Structure formats: C-alpha cells, structure tokens
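For reference, the structures are reproduced in the following blocks.
Each of the next two complexes has chain A plus one more chain, namely chain B in the first and chain C in the second.
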Partner chain A sequence: MKPVYINSVASISAQRTFDNSVFLDEITEYTDNVIRVIDPNYKEFIPPAAARRMAKGIKMGVAASKIALNEANLENVDAIITGTGLGCIADSEKFVSKIIDDNEEYLTPTSFIQSTHNTVAGQIALSIKCKGYNFTYVHSSVSFESALLDAKLQLEYDEAQNILVGGVDELADHHIKIHKLVDHIKADVVNSKELLESNTEGAVFGEGASFFVLSNKKSDHTYAQVLDVATYNSFSKQELQSALESFLQENSLEISDIDIVAMGNNGDIGYDGYYDALSHGVLKNTAQTYYKHLCGEFNTASSFGAWMAAKMIRTQHIPEAIKLNGMEPSKIGTVLLYNQYRGENHSFVLLRGC
Partner chain B sequence: MGKGIAITGMGIISAIGNNVEENYRSLIDGKKGISRISKIDTVHKDALMVGEIDFTNQELEQFLELGGSHNYSRSALLGAFAAKQAVSNANITHINSYKTGLVSATTVGGMDKTEQYYYEYFENKEVQKYIEGHHAGDSTQKIAEQLGLHGSLVTTISTACSSAANAILLGARLLKAGKLDRVIVGGTDGLSKFTLNGFKTLMIQSDTYNTPFDENRKGLNLGEAAAFLVLESDEVVQKENKEVLAYVKGWGNANDAFHQTASSDHGDGATLAMQKALKVAGSKSNEIDYINAHGTATPNNDLSEGRAFLRVFGDTVPDFSSTKAYTGHTLAAAGGVEAVFSVLALQHNVIFPNLNFKNPMQEFHLTPQTELKKKKLHTVLSNSLGFGGNCSTLIFSKEA
Partner chain C sequence: MEALKEELKSKIIEQLNLEDVSVDEIADDDPLFGDGLGLDSIDALELIVMLDKDYGIKLADPKEGKKIFESVGTMADYITQHKTK
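After this line comes the complex of A and B, so read on.
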C-alpha cells in the first residue's frame, strides 16, 4: 500500500484563509451567532458571467479547488471527491418556497439543478474537464471524512495518483431561521473568544469550503501524510476513550505519540461533553487546539480543522487564537483530529509530518 | 482478481412490490407500477404519471413499530423497511458480530417533510422535530439505528441518479480493502413535490407510460423505492456457511464532464464507466450476457447510453432492457433497485422485458429485449447515469 500525502491546501472561511502565504496571522473576531465567509475575489477563479449564475457553495467550492490545484501545480486530477452536509441549500430553499408561494407554477430549472448535492463536484469536473471518478458524500459531520477515506483507499491501492478532496457547505436564510427555532443556533450572539464559555445550547453557524490535493507521491510542497481516517455513527461518551485507543493501536501509536489534538468544540453545552471526555481524560497532557470559533459550525467544518492541522505541521507553528490548553509540543509531528455533531457522526483523522 | 464480494441478502420496496418476491413476480408478469399520483397533493396530478409505492407512511410506521413521536421522512421509512428485509434475508441475527457498515444513498432526504412544514415550522412546535430530518444523512442514521449498528462506518452518497450504484461500488471497495467484513448498501428516495416539480422544469417527464429506447419516447416517470444488498467478505461467507446469491464483480465510475444535467451525445461518461467496470471485473465485453440499462426514456439519456453501448460492445451489443417502465425512475434508489433485478435475473436465468417499446431509434438499430427471455446468464451489467455527469456501472456475476 502506498502512503497518502496532502500536497496542497485551500480554504475559504470566515477568516482570511484563501491566501496560503499566511496562517491565521490576523484573526477576524465575530460577535454573532451566524458567521459568513470572507470572500476571495471569485473573478480570479471563475469567469464573471458564469459566477453570476452560481450558488455560493459552487463558487466557494470551485474557487477553493482552483487554489488547491494551483498550489499542487496540477491542471487536472484523477478523481474529485466532495463532502457536503446540505449541498447548495439556498437553491433548495428558493425552489421549495417558489413551489409553495406560486402553487407549483412559474418554476425555472436553475435552482432545482443547483440544489442537487453533487453540483459542486460536477461543476469542478466541468471546469477542469475531469472525466475521472466523481463522488459526493452527504453524511452530516462525516461528509468530509467519508470523502477523505474514499480518496485514501484509492491512492493506497494506486487506483489514482492525484485526487481533489474537499468539504463545502453554505448558509441560507430559512436554514438559519429554523435552526434558531430549535436552538441549534445559539439564541444570543457570542464573541468568538468566549465561544466555549457561553454555557448555552446550540452553536454559532458558519460556512466554508476547504479543498486538498491528495497524492500517493510526495512533492516538495507536501504538507503531511494522512495516516488514517475513521468514522462512527454513534458513541456514548464512555465509549469514546476506548475507541480512540483502539484507533491509535491500529496505527501502532499511543496517546503520547500525539503532539496536538484539534477538536471540533462548538460551545454547545449539550454536546461539548464529548470533547471534554477526551480533553479532560486521555488527552489531558496533550497540546489541545480548537477552531470552530474561527469558522463556525457546519457539516463540513472539520475540513477547516484538517486545513488547520496541515498548516500547523507545515509551519511548525500553533497560532495563538487556536490554543485551548496553552500546551506546546517541542515539534509538531502527529496531529489527531476529533469531531462530532450533536453527539453523532464522530470522526478521528490522523495526520503526520513528513 | 482479489477478494470476492458476495451478495448474501436483498431487500426492496418499489411500485411493483413490497419485497423481493413480489418484485420478481411483477417483472415476470410484465406488471407495471406506473399510475397517476395518489399520495402527493400536487397540481400536476393529471399531467404526470409516477411509480408510487402502495404503502402509506402510517402503514410503514406500523411495520417498523415506530409508535410515539418520531421524525421519519418517507425516504427514511422506505429505507429502513428495505434494509431490514435485506439483513433478515441474509440471516443476520447479530449485526455487530462482524465489522459491519452501512452505505446508503438518497437525493430527496427529508425534503417531503420540509416542503410540507416549510412555513408551519414557525407556528407549530409539534412539527419542528422534522427540521433535523431534512439533511440527506438523516435517513441513513435512522436506518443504521433500525439495524442496530453502533460505533460503525455509516455514510451517505448523493450523486443524483447514480447514487445507490455508487453506494454499492463503495461498499465493494471497503470490503476489498478489508475496512469492513460486511456492509449493507443501497439507496432510498420517496416521491416529493420538490422532485416532481424539479423534473417538470427540465421538461423530461412523460405524461404517459415511459417507453425506454423507443424512437417516440417522451421522457421519464419518476418513481419511489428503496433497495439494499448485504455484501459480505469471503471470510464471513466461509465462516457462516452463507448462501451466496451472486457476486459484485466489477465497478466503474466516471464523469461525463459535459453538462450539469444533460449527458454527452456520445456517452463519454457511460462508456468510460462500463470500460472501467469490465477492467475491474477482468471480463471481456463479450462475457456480458445481459445489460440492465439505465434507460430512463428521456430523449437524451437513451441516445447517449445507446451510443455508449455501441462504443463498448461494437456490433455485438448483448441483450439489454430497461426496467424503468415497471418502476419509474427511482433516482437515488435506482442503482439499488436494478442491482436487485440484476441478481434476480442471474438467479432465475431470465431477462426481463423492456416494456412499452415499439420503434427503434433512428440514430441506430438497437432493439431492447421486449419479451421475457429465458437464457443461461453468468454475468450482468447494470448502468446508472445521472445529473452532474455522474456515471456508474456495476457488474454482477454468479462466480466470484
């Protein structure tokens, strides 16, 4: 089996992350309960006429994929695999509300077409004329990890040599309003810095797109090796610790081999206990970082986490804003990512410097 | 070739039957499941025909013994119903005794409830429970729960009309790589106003019975269905002395990279997918005994797919038929439905007729199998082609 490397990264998020030459040097703070991305100049990546018709998710996805391809010095790839919890949900909303408001009359196809979950992967394929393997995973908070696992399998068996993998989700009005109704979005605004001390239900919702070129050939711009990816539909807090230990064991690693853990805490008092079970438990003496105060919570927010982990390994630097327990390892070799959403769909991802 | 991917169980619910046996009966008897819409309140009632499942949501809830308050969408109900059948058909009693996963597929997800309660959410607390059921992964989480899967690899694929084929493809790869010992794969899509109206705007829906590969085809009938297979590794099959229904022998996935919704005139994506699947199966094109075509009966699909047949098989295109005239196009479930039909064809050595066909298309002289045909079958190829250029091919065989 061949090793699998992250050869390039790209992230469009609520921080100025689309510029790969910096790494969270300046933090944009928010005092809100919904945060949106800082847009790059999409014209650099997409012809303006095409961009006008594109849903936000497509624009973010296509732009992020171009950044990742550029950094990897590639014009094309063997496969495109995306994860998205909700697809282009703004177009789903547009279509549903028109169905209701106009009693199923006067509908046009554009928003229906864009609403299908595989639109982003399809548009990327169209934009670079990639006829290879094309897949879209739509499983809540493991959408991105499912894509990552799929890519890893293909590269290990040399079924492909370069694969574009990404996670993308967009915010939309109705989606926000109804998630406020059920307290999945925090009732009150909260400052980014105080997210984990909010002691309230729900999360601060966000959006974004993070894309990567994975390859089974190392290059001079390789960020990290993807050691392993695992997803689990359900866990109790009690089971989490032993699940992590057996995951590490399968990779011949111990807790002490982990230099940094990057966790998906979102400040939801109902579910952050899962992270606490590890950070107060077996990972107590590990350097801990978090990121959802920077990018917000969305189904593929963990792709931002993977971007952050890869950048930490490359730069050997932990930006101040993401430190959770202040600990700092002597070197950043192995990074563990743990994420879950509302107690379901847990994932572990292991990255290692090389 | 590496490991054999054994199919040891199947479950299905579609417009032509509530289980595998009923579906088989309808296929043999030439009994269509296409009718006027009865369960969805739409202004297009008289303008469209669909493949509706007989059971109401209430009946499905009773079968699943849901009781009390729950937030199952129709896709979740159908999916759980079919997946449970598949697991029971595979004689699995302890689901977690082997490393077992679930890969499901859906395009609609919980859209049926979203379109019903879109504005009511703001006024009625009772219905707010469906908000969490909207996303596509929700039906899969519920199916996993119904099957008793815990701490397991569970994921969902949404690649439009090729979704379930891709779920089967991924499941086979996960077994082959040794990531899982057993995996339940398939897809589920209930009908919704969203899809009915969506396809209406594309003007590819027929107002009468769909006629795949016919010169005068007018478009597709949407359908609803759920279908799942149980795939098990050689080790599990040996240890448990399992009866094997058939094997997943080859798989291929490619993108047409032509247009967001339409297929290329020459079927580039479909051609590539079929060629890849033949390569994985280690089969020559003349070893395919029957093709269960995607054959949606849209002008675009059938032309593109037919041309792809000619490119892959040359002058000797195997017997082929589309079963969409029976079930309608069941979108994300279609690849699962047609996988079940392909296995049934292998088991019974029979080719199901392509109903409603009258005149060959003028672009080429391809004529589907229009009568039930008894024939010794070893290898069956099934296509699923979709929006976003997503094309997938699966090859099923009697031997590993």
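After this line comes the complex of A and C, so read on.
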C-alpha cells in the first residue's frame, strides 16, 4: 500500500485563512451565536457568468478547491471527493420556500438545480473539466472524514494519484431559525475567546470550506502524511478512551507518541464531556488545541481542524489562539484529531509530519 | 411601454442575478442570448416563469420563445399584447 500525503491545503472560514502565506496570525473575534466566513474575492476564482448562479457554499467550495489546486501546482486531479452535512441548503430553502409562497406554481429551475448535495463537487469538476470519480459523502459530522477515508483508500491502492478532498457547509436563514428553536444554537451570544467557559447548551454555528490535494507521491510542498482515519457512530465516554487506545494500537502508536491533539470542543455543556474525558484522561499530558471558537460548529468543521493540524505540522508552530492547555511539544510530528457532534459521529484522524 | 422596458430590465438583472450589469447598460434592442447579455437555456426557463407569474402569459409553444426573448424590446411588445394581469 502506498502512503498518502497532504500536498496542499486551503480553507475559507470565519478567519482570514484563504491566504496560505499566514497561519492564524491575526484572529477575528466574534461575540455572536452564529458566525459567517470572511469571503475572499470570489471573482478571482470563479467567472462571473458561473458565479451568478452559485450560493455561498458553492462559491466557498469552488474557491477553496482552486486555492488547493494552485498550491499543489495541479490543473486537474484524478478524483474529486467532498463531504457535506447539509449540502446546498440555501438553495434548497429557496426553492422549497418558493413552492410554498407561490402555491406550488412557478418553480424556477436555478435554485432547484443547484440544491443537490453534490453540487459543489460537480461545479468543481465542471470548472476544471475533471471527468474522473466524483463523489459526495453526506453523513453529519463524519461527512468530511468519510470523504478523506475514500480518498485514502484509493490512493493507497494506487487507483488514483491525486485527489481533491474537501468539506463544505453553508449557513442559511431557515436552518439557523430551526436550530435556534431546538437549542442546538446557543440562546445567548458568546465571545469566541470564552466559548468553552459559556456553560450553556448548544453551539455557536458557523460555516466554511476546507480543501486538500491528497497524493500518493510526496512533493516539495507536502504538509503531512495521513496515517489513519476512523469513524464511529456512537459510544459512551468510557468506550471513547478504549476506542482511542485501539485506534492508536492499530497504528503501532501509544498515547505518548501523540505530539498534539486537536479537538472539536464547541462549548456545548451537554456534549463537551466527551472531549473532557480525553483531555482530563489519557491525553492529559498531551499538548491540546481546539478550533471551533475560530470557525464555529458545522457538520464539516473538522475539515478546518484538519487544515489547522496540517498547518501546525508544516510550520512547526501552534498559534496562541488555539492552545487549550498551554503545553507545547518540542517538535510537532504526530497530530491526532478528535471530533464528535452531540455525542454522535465520532472520528479520529491521524496526521504525521514527513 | 418605456416604463415596462425599464421594469423588465430590472427584473432580468434581479432574477438572473446579473451582479455586474446595470439597467443603463442594457439597450432595448440588445440581444439577450448569445453575444448580448449572454443568457442561456436555464435563463430562458426563468424568463418563461417570470412571464407566467408576473404577466399571466403562458407560452404554449416553446418555439415562440426564440422571437419573444430576442431583446427587452421584443419582450415588452409581446407582454403589452398578451398580458392578462
């Protein structure tokens, strides 16, 4: 089996992450319960004729994919695999609302056409004329990890040499309204610096797109090697610890081999206990980082975590804003990512510097 | 008629999300498809729905569309003659 490398990264998020020359040097703070991305100039990436039909999520995905391809010095790839929890929810809301508002008449085509979950992967393929494997995984908070796992397997078995993998989710008005009603979004606004001390239910919702070129050939600009990806539907906090130990064992690693853990804490008092079980348990002596105070919670927020981990390995630097327990390893070699949402769809991703 | 043409230009820009185009930039006889505004078949569907919804005009013969949607001027002429609301 061939090794799998991350040869380029790109992220559009609530921070100025679309510029790959910097790494969270300046942090944009928010005091809100919903945070939106800082938009790059989409015209630099998408022709106006195509952009006019694209909702935010599609623009984010296409722009992030172009940044990742540019960084990898590639014009095309063998496959495009995306993960999304909600797909193009803004266009879905638009055409469903129109059906209701217009008494099931006058349904216009654009928002309907653009509303599928595979629209982002499809638009990327159209823009770079990629006729290869094109797939979108829709599986709540393991959508991105599922896409990553598919790419990893294809590259390991040399079924493809370069694959564009990404996670993308957008915010939409009705989606926000519904999640506020069921308390999945925090009732009160929270300052991003104080997210983990909020002691309230729900999360601060966000949006974003993070894309990566994965390859089975190392290049001059390789960020890290993808050692393993594992997803789990549900387990108790007690089972979590043994699941992590088994996961590491399968990779011939011990807890002490992990230099940094990047965790998906979102400040939800009901479910952050899963992260606490690890950070106060087996990982208490490991350098801990977190990221959802920077990008918000969304089904593919873990792709931002993967972006952050790859950047830490490449730069050998932990930005102040993401430090959770203040510990710093002497070198950043192996990074573990752990994420879950509302106690379900847990994932471990293991990256290593090379 | 002039007011209708201005109204159509605004609706085309808004409904087709032509962000970089203003009403002043669309001449009454500019081709909407091809070399003019560069609209395509999906836009044509949007315009057909607009005729139905805003002016009560149902196009029974799709071939008619080619002439009707030639320009803002031809659209305004057709709407003036056939509108039911």
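To be clear about the criterion, the second predicted complex is superposed on the first by the 354 of 354 C-alpha atoms of A that agree within 3 Å, B and C clash if a C-alpha of one lies under 4 Å from a C-alpha of the other, contacts with A are read in each partner's own complex, and residues count from 1 in each chain.
Note that a contact is a pair of C-beta atoms (placed from the backbone, for glycine too) under 8 Å apart; a residue touches a chain by one contact, two chains touch by 3 or more.
Please read all numbers here as calculations on a predicted model, not as lab measurements.
Enquirer: For A:K131, using the defined touch cut-off, is the partner it touches chain B, chain C, both, or neither? Pick first, second, both or neither.
Expert: In the superposition, A:K131 contacts chain B only.
Enquirer: Can A:L181 be said to touch chain B (first), chain C (second), both, or neither?
Expert: Only chain B is touched by A:L181; chain C is not.
Enquirer: Report for A:I113: first if it touches chain B alone, second if chain C alone, otherwise both or neither.
Expert: A:I113 contacts both chain B and chain C.
Enquirer: Output check: A:R53 vs chain B and chain C. Expected answer is one of first, second, both, neither. What do you get?
Expert: A:R53 sits against chain C, while chain B stays out of touch.
Enquirer: Counting only touches as set out at the top, which of chain B and chain C does A:D102 meet: first, second, both, neither?
Expert: Touch partner of A:D102: chain C, not chain B.
Enquirer: Would you mind checking which one, chain B or chain C, touches more residues on chain A?
Expert: Partner touching more chain A residues in the overlay: B.
Enquirer: On chain A, what residues does chain B touch that chain C touches as well?
Expert: 105, 107-109, 113
Enquirer: Contact residues on chain C for chain A in the complex?
Expert: 15-20, 38, 42, 45-46, 49, 52-53
Enquirer: In their complex, what parts of chain B are in touch with chain A?
Expert: Touching chain A from chain B are residues 42-44, 102, 106-107, 109, 111, 114-115, 118-119, 121-122, 128, 131-132, 134-138, 140-141, 144-145, 149-160, 166, 170, 173-174, 177, 179, 193-194, 197-198, 200-202, 253-261, 268-269, 272, 386-390.
Enquirer: So in the complex, the part of chain A that touches chain B is made up of which residues?
Expert: Per the stated touch rule, the residues are 80, 85-87, 92, 95-97, 99-100, 103-105, 107-109, 112-113, 115-119, 121-123, 125-126, 129-140, 142-143, 146, 149-150, 153, 156-157, 174, 177-179, 181-182, 184, 230-235, 239, 243, 299, 344-345.
Enquirer: What residues on chain A touch chain C, complex-wise?
Expert: Chain A residues touching chain C: 48-49, 51-53, 102, 105-110, 113.
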